[in-house]
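Two complexes, one shared chain (subunit A), two partners (subunit B, subunit C).
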Partner chain A sequence: MKRWQWLKDLLDPAAGSAGQLFTLGDRGDKPAVETTGPTLLADAQVRAEGLLTHIDNLLEAKDQGAKALEKAGDLSANLDENLERLKKIFRMPANKDLIIRELQIATQPPTRAVVCFMEGLTDKIVINEHILQPLMLLAHLDHHVDGEGEAGRTQFSIDTLIQRLLPGHQTTEKYDMAAIAESLLAGDTVLFFENVSTAVSVETKAPPGRSVGEPKVEQVVQGAQDAFVEAWRVNVALVRRRLKDPRVVTEILTVGRVSKNYVGMMYIDGIANPKLIEEARRRIEAIDVDVVNGAGVLEQYIEDSPSSMLPGLLTTERPDRTAAYLSEGNVALLADNAPTALILPVTFWGLLQTAEDYALRWPFGAFIRYIRFAALLITVLVPALYIAVVNYHHEMIPTELMLFVASSRENVPLPALLELILMDLTFELIRESGTRIPSLIGPTVGLVASLVLGQAAVEAKLISPLMVLIVAVTGLASFAIPHYVTSYGIRAWRFLVLAGAAVMGFYGLAAVLFLMVVYVSGLRSFGVPFLTPLAPMRTRSADATGRGPLYRMEMRPSYARPLDKQRQQEIVRTWDPLAPEPEERAGSGTKKGGKS
Partner chain B sequence: MKQKAKVKIGALQLITIFASLIFGKAIGFTNGGLARTVGRDAWASMTVALLTGMLLLPAIVWLARRGGGPLIAYIKRLLGRWLGGLVLLLFAVYFGFAFATSANTMTLHISDYLMTETPFAVFVVGYTLLVTYGVYLGLEVAARLSVLGLIMTGLLTISMMAGSFDKFNYTQMLPMFDHGVLPVLAASSIAHTDVAMVAAAALALLPHSVGPPGRWNRLCWWGLGTGGILVLVWSIFETAVLGPDVVAQYLIACMQMARAAELSIYLHRYEMIMVVLFAYGVVTQSVVTLYCAVTLTEGALPWRVPRGWLILGWAALTVPLQFLLGNDRDRYGIFLETVWPAASIALAYGLPLFLCLVALLRPAAAAQGSTKSG
Partner chain C sequence: MIREEGHIGLLEATVLVYAVLSAKLFMQAPGFLIDIGGPAAWQVALVMTAAGLVLLLPIGALARRFPGQGLAEIAEEAAGPYLGSLFSLYVIAWLFTTLANSLRNFTEVYIGTILPNTPPSVLTLVALVCMGYASYRGLESLGRATQVMLPVILAGIVLVLVFSMPRIQLSRLYPFWGHGLIDTVTGGIYYAGLAAEAVVVLALAYSLRDAKNIRKAAMLGVALFGLLSALTCAVLVMVFGAPDAAQQPFPLFNLSQLVYLGRFFQRTEALMVMFWFFNVAVRLAVLFHALVVTFTGMLRLPYHRPIIFPMAVLLFATSLLPEDSLVVLRLMRDWLTPSGLGIFFVPILLLALALIRGKGVRSHAA
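Let's turn to the complex of A and B:
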């Protein structure tokens, strides 16, 4: 019997729990009412208490004018009541993150108060030196005496407190518990007082975060070497450092019912199109989900075609690039906890550009863009062309070349398509593992995998040397696509085109390619056709597929429909002896556009 | 209910659409047909057709401007619900056949020169599905595609000229009017099949233009002129490089032209590259013609049919039509040189001219909603 039980325990992983198996609704059970009931009831009670207090405060304030009515929130004058509600809202005592520190303000007589803040999100030195110390030690000094108080007594008032006792740089009055909770979660410190239905919030934010570092994905040789971090306020500052214009606006939006993530929406008033700003705001405000963590998630909630293979917004970790786009009339979204900015709208050509294109002299900047475009074509087409030629159109290439291809494949037992798919998948595997492996051993593993595997496969006559070359060139070309998410899409396309070529040679290849072009032609990014300014063709742009001299880019790109179209005078190199005189400039030729 | 956005096309895109509409079939089939009829004067016949088209376009533009809005509503206003519906249906049938000829331009290229062993039906079905997707995405996407199409067509023409310039022998084009002037004029009816496509499409597409109606004439002329010049270049090169006798022997003469072009030893089968460059213009032509057929049918029917079904219906109807027309090359050649010119002149020129007449006779109905030029 024991042996039988032993065998049963061995075979059934749940048998050991002997009927006391814990399940969490894996049979579709709904949570019992007795479990959820008290929680719902407690929440309703807190809300009801708040509502009743709010009504009382409104009734009290109704004869005292509009200002008093504005200040009538749901806070009670009873400190204990307020504390009790706050504790219920923050699920205390189970929750240990909220710190509540009771104290006596050194007025005469002392005033009872409570300081609340979230552990880990605040700067404790600021709390100690700029909140607790003045309140507990300095409040009794004569110069803090309110003029209206009795002689020898210090009268407590919120105004005095804010103006003379709390040296914090951002101090605001709060009248609602919801606003207080939000402030606490943002890292502020909130003070409650006895017999006062107003709380005071002092800015003490110090969330954990790293310092500004170098870009990881968008590295450049020439140009700035700073990159965004997870703290959105730092990111806004990095952009503002580059755009010292009072017209630069940062609107703060909040997304996520639970995450309540801040999203800073930046634009330049007077340049960015108000319709674009309004649409961005509308889409962000429409997000109604629990958690929006990071730019990648936010992007999927607001882009025009979330199932598209190409991104509808540009993600960048570079403040200089963000500033450049803002100056051209685009809108940037800086989400908290995301070390990237989202730029909208974006065009296909924008996804193939880098910040360095502008730091280089224009012929090189233009050349490197053409190289990137060629890299895109190589990534998508080369494997498919090889399969189409080898399987269907032998006559397409010169006989000598065909004989060379045939001789290199002579001893390979696999069909060319299978050979290519195997190599391509291996390459993708190396790339993926190279990304996930810790950075210390990553390059070594990548090197070993690519060299040893390739060499071994060729020597084992499993793969032809030509195939290794094709996959290597394709892989190398895919690395030249600067935008990370775009390169995913392009790599996926490669397999689709390959499938077309494998089934119907050139016809299949051309058909899939055509479908892709039609598809991309139909894409829009915040209402802007993806292939503009090529299709639909807009005013001639010196900065789309190629790049013209910076001093000739007088106009902002037209695709974002900026309000102010001109960004610089027609002749900016006025010092140049060859530059026309002012009167000649007035009548000189056409103006060229910018980034597209 | 969510409102469907109005289709709007920019001036430049209209020009590229019109240029794409004339190019594909014209260099594919028309030159061969003309060479069979008037030999070395094929290019002259083509020129006559283009010039006639240029002269007729102002009438079409006048009619479109008088409409002051979508063609469907205008025709129904002019002719009444039932007769108007019938005329719209006739237009739709014309565009359906135009699509079939355009589609066959592409499928026969591939079937005869690239994948000779694959059954023709496979290309017909595959290509129709491809175009159906384009129609499903709409006219704006087709318009964007036409810009790419024109760029590709330009590259194709330039590379063909570069590859065959040293074989250009202008004496093959002489003497001019070898068959007489009247036969050249008469043969232009074959080329009118392509020009008429622009005329009919102009009537349907001009109301979608974002440009002022005063510029519509120029748009049409630019479109027809750009496409026409490209077609003429091919016509002239085919005659001067291959010679009229060789051109006359092929249904798809342009592929022979591409075969004659030598770009380097690494591109000795240049016609394959050519098909890729050629495809975008032809596909634009196919998408626009099928789009017009679907839209006009939608307006012609007295009851509402979901657009998706109409697209699928037209695609299903044209698959056997394409197969019947293209599967027998001789029969297709005869169709293109006899039946199709007569039908397309009657429908694509005749119907708009008839509408012009009605508009003149019923000025009140015609002027309602008329668009001021400027």
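Let's turn to the complex of A and C:
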């Protein structure tokens, strides 16, 4: 039989090798209980042990008052039992990240204790000098640490330990294994003791991180040059140094069952609307998923229309912008591991603004906002208008220009639409590869793009020079849209409008625009109409398409419904001899906010 | 009926009423007015506006008696289930016919002006998608969108009128009284039906936060429409002369064709027609939404969205029934506009019935 086995394998390759190939699939057979059972059983055992210990502790504490009941967690008084559970929870010995260091506290007689911390997340110097050293070397110096011990003996107590031996700046008692695990994962060091059902957590966080750098996307010429980093606590500090007001609140929320990412929710109590704060909290607490990795993911879980082409929240990497929004009554979310803040609510106009608009004097600030709005219109409309005019409405173009267009397209074999789509797609390709490419070879791509695709395509008579101009102007205009995600949406719209114009000229173009405007008019960001203050119209404190002089912007923008509407006095430049008297201005009916 | 469309304010409601009416200025409405008033067509427009405003007065009182309700609900409460349904049915039938007629007329205008080779059904379908989507998104979105588009909508008329200034001759407005005061006044009252669509604001009354704003919105919308109608008629007469202006198939379009401001800025009609699209789309969308919500209200259905598609299909089929654009125009001029006068009397009769039967908020309060 063996003689023909090679032929059999040749005819039916699966018969010979399929059994040896690795696959995660079960090939139709359900996995045996032996493979899945132990893990599930071990988890259940740990939970059951914890539950039983908790019940024991509660029964013990029931006669000792409410405080004792509060302290009755699921920790055992037996150090080894606690350690065993901790190891099971952290999947030791397979997991090497949790460091467990046994020691004897230098009391008389010595007390057995264990120090646990996560490798890489903690500050070793603090652990050595402020935890291990006092406990191992200094505890014996004071034999009367509690004042009640027998001569030559030290009675061990947690209170004494915290108050006299652990100089860590944040030291808390822990009674539950879940809280201990959370504390360890955050970078704290936890101490267990023999015969004590309480652990002590000392703050030793030192997660790896970079220092504060310059903004990568929202660069400005005039204004601050610092940007958020991945450590959310640093980000909170960057905002706080700009708002030295005790009413600035940072709430800490945790999202993700596995990631347990911290989200700092900042607002100014007394300015931000409590309904807005409550709604933000409600939406974040409702997130029940494994991993929320950064602001971009968090945004999708809490925004009003996640399938919209425009973002429902403002992402910014600038602390100064975040602080400005907080002062207007908005709420900021600072997620851990994300170098951006999420501002809510936001309006469409907010997505077209930059921090620099306010740093410049108002005529220039207003001017660059108008320029940006024009850039938006150019991005969306110019390619579509060109196609509509060239394909359907030649009569609109003056004769000389029409002849010029015709002569430039004379040698090009492609229809104008195909020409435009090819160029546009190439442009998008260059942009995308330019974003992803390592910075070392970035200039090469730029060179290839400009030489090969621009000049060569024209010389090869595949593309008319006019088309290169139109795509270039459109591309340039799209870069003027300051918000990164918004510019994505706007670029996608451009293709929709183009499709409308290609099929039915101005009629199709207008139809797609109409649908878009109706769509955007119905969008909301945390209950705020997206196009306000234009629609619905809010004339007071409108700060949207343009902006007025800062000294005239007396009111906060009304869309976030701030509790305190006024942000500055009616007359700010009191020293100015030309400044009107308060009564005079009130009488002239100009008590308005900034104009748009 | 479950209303989950949000709310609109006075400004949005006014803009909606204005846009519903002003879209007629791009069609043949100015031609009708010039035909009946001659050089005094602008006076006919003013009389038409005044008559419309007077006839719309009872809307406010009616809406205040039934705050937060639409036309179908008001009719049912004020006139009882049987008579009320008849009122709703009349409004629905009129709205449906007007809408189908407008849709077809709109398609014919586009075919006649900038898209001669496109099949009418394609243009109608695109317009239907715009209407249906706007109704699907709800009145709040539509109101806000119209407000955003208002500058473009106004520019579509005002720019053409301003750019035509070099061609106007004041003498063409004479004889000042046109065909005579009696003709002007009777013509104005006859064509008051052109403003009858302002009554749709009552069908959308459920969405206004403050019932007091309903009358204001209707009045302001009609007044603005009247003012621009008078201006358009006057400019048309001053440019073409009354006899020629009355003969123009698309008067405002023909006016925009004449724009010539130097060699570079001429032949703007295609651009203007694009601007007009926004206005016409708003008109169709508002009328369609009013039709759908009144129908939903009359049948006491909980949601309006399921009605959108079947109603759009019916409208599509109906709009293709007339043989040609002349039939469409004749229908509009000789049947729909005069029957619009009857629409004015719906709120008047409903108010009278409510007073007699003691229905509405005031009687409850008493």
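Basically, the second predicted complex is superposed on the first by the 546 of 596 C-alpha atoms of A that agree within 3 Å, B and C clash if a C-alpha of one lies under 4 Å from a C-alpha of the other, contacts with A are read in each partner's own complex, and residues count from 1 in each chain.
Here is the rule we use: a residue touches a chain if its C-beta (ideal position, glycine included) is under 8 Å from a C-beta of that chain, and two chains touch if they have at least 3 such contacts.
Because the structure is a prediction, the values reported are computed rather than measured.
J.: Clash or fit: how do subunit B and subunit C relate after the overlay on subunit A?
T.: They clash.
J.: Touch test for A:577: subunit B only (first), subunit C only (second), both, or neither?
T.: neither
J.: Given the touch rule stated above, what does A:396 touch, subunit B (first), subunit C (second), both, or neither?
T.: The answer is both, since A:396 touches subunit B and subunit C.
J.: Counting only touches as set out at the top, which of subunit B and subunit C does A:511 meet: first, second, both, neither?
T.: In the superposed model, A:511 contacts both subunit B and subunit C.
J.: Looking at the overlay, does A:246 come into contact with subunit B only (first), subunit C only (second), both, or neither?
T.: After superposing on A, A:246 lies clear of both subunit B and subunit C.
J.: Check subunit A for residues that touch subunit B in one structure and subunit C in the other, and list them.
T.: Residues common to the subunit A contacts of subunit C and of subunit B are 392-393, 395-396, 398, 504-507, 510-511, 513-515, 517-519, 521-522, 529, 531, 534-537, listed in rising order.
J.: Can you name the residues of subunit A that touch subunit B in the complex?
T.: Residues 392-393, 395-398, 401, 504-507, 510-511, 513-515, 517-519, 521-522, 529, 531, 534-537 of subunit A touch subunit B in their complex.
J.: Considering only the defined contacts, which subunit A positions touch subunit C in the complex?
T.: 389, 392-393, 395-396, 398, 400, 504-511, 513-515, 517-522, 529, 531, 534-537
J.: State the interface residues of subunit B toward subunit A in the complex, per the touch definition above.
T.: Going by the criterion above, the answer is residues 10, 12-13, 16, 110, 114-115, 118, 122-123, 126-127, 130, 133-134, 137-138, 140-141, 143-145, 147-148, 265-266, 268-269, 272, 275-276, 279-280, 283.
J.: List the residues on subunit C that touch subunit A in their complex, please.
T.: 9, 11-12, 110, 114-115, 118, 122-123, 126-127, 129-130, 133-134, 137-138, 140-145, 147-149, 263-264, 266-271, 273-275, 277-278, 281, 285
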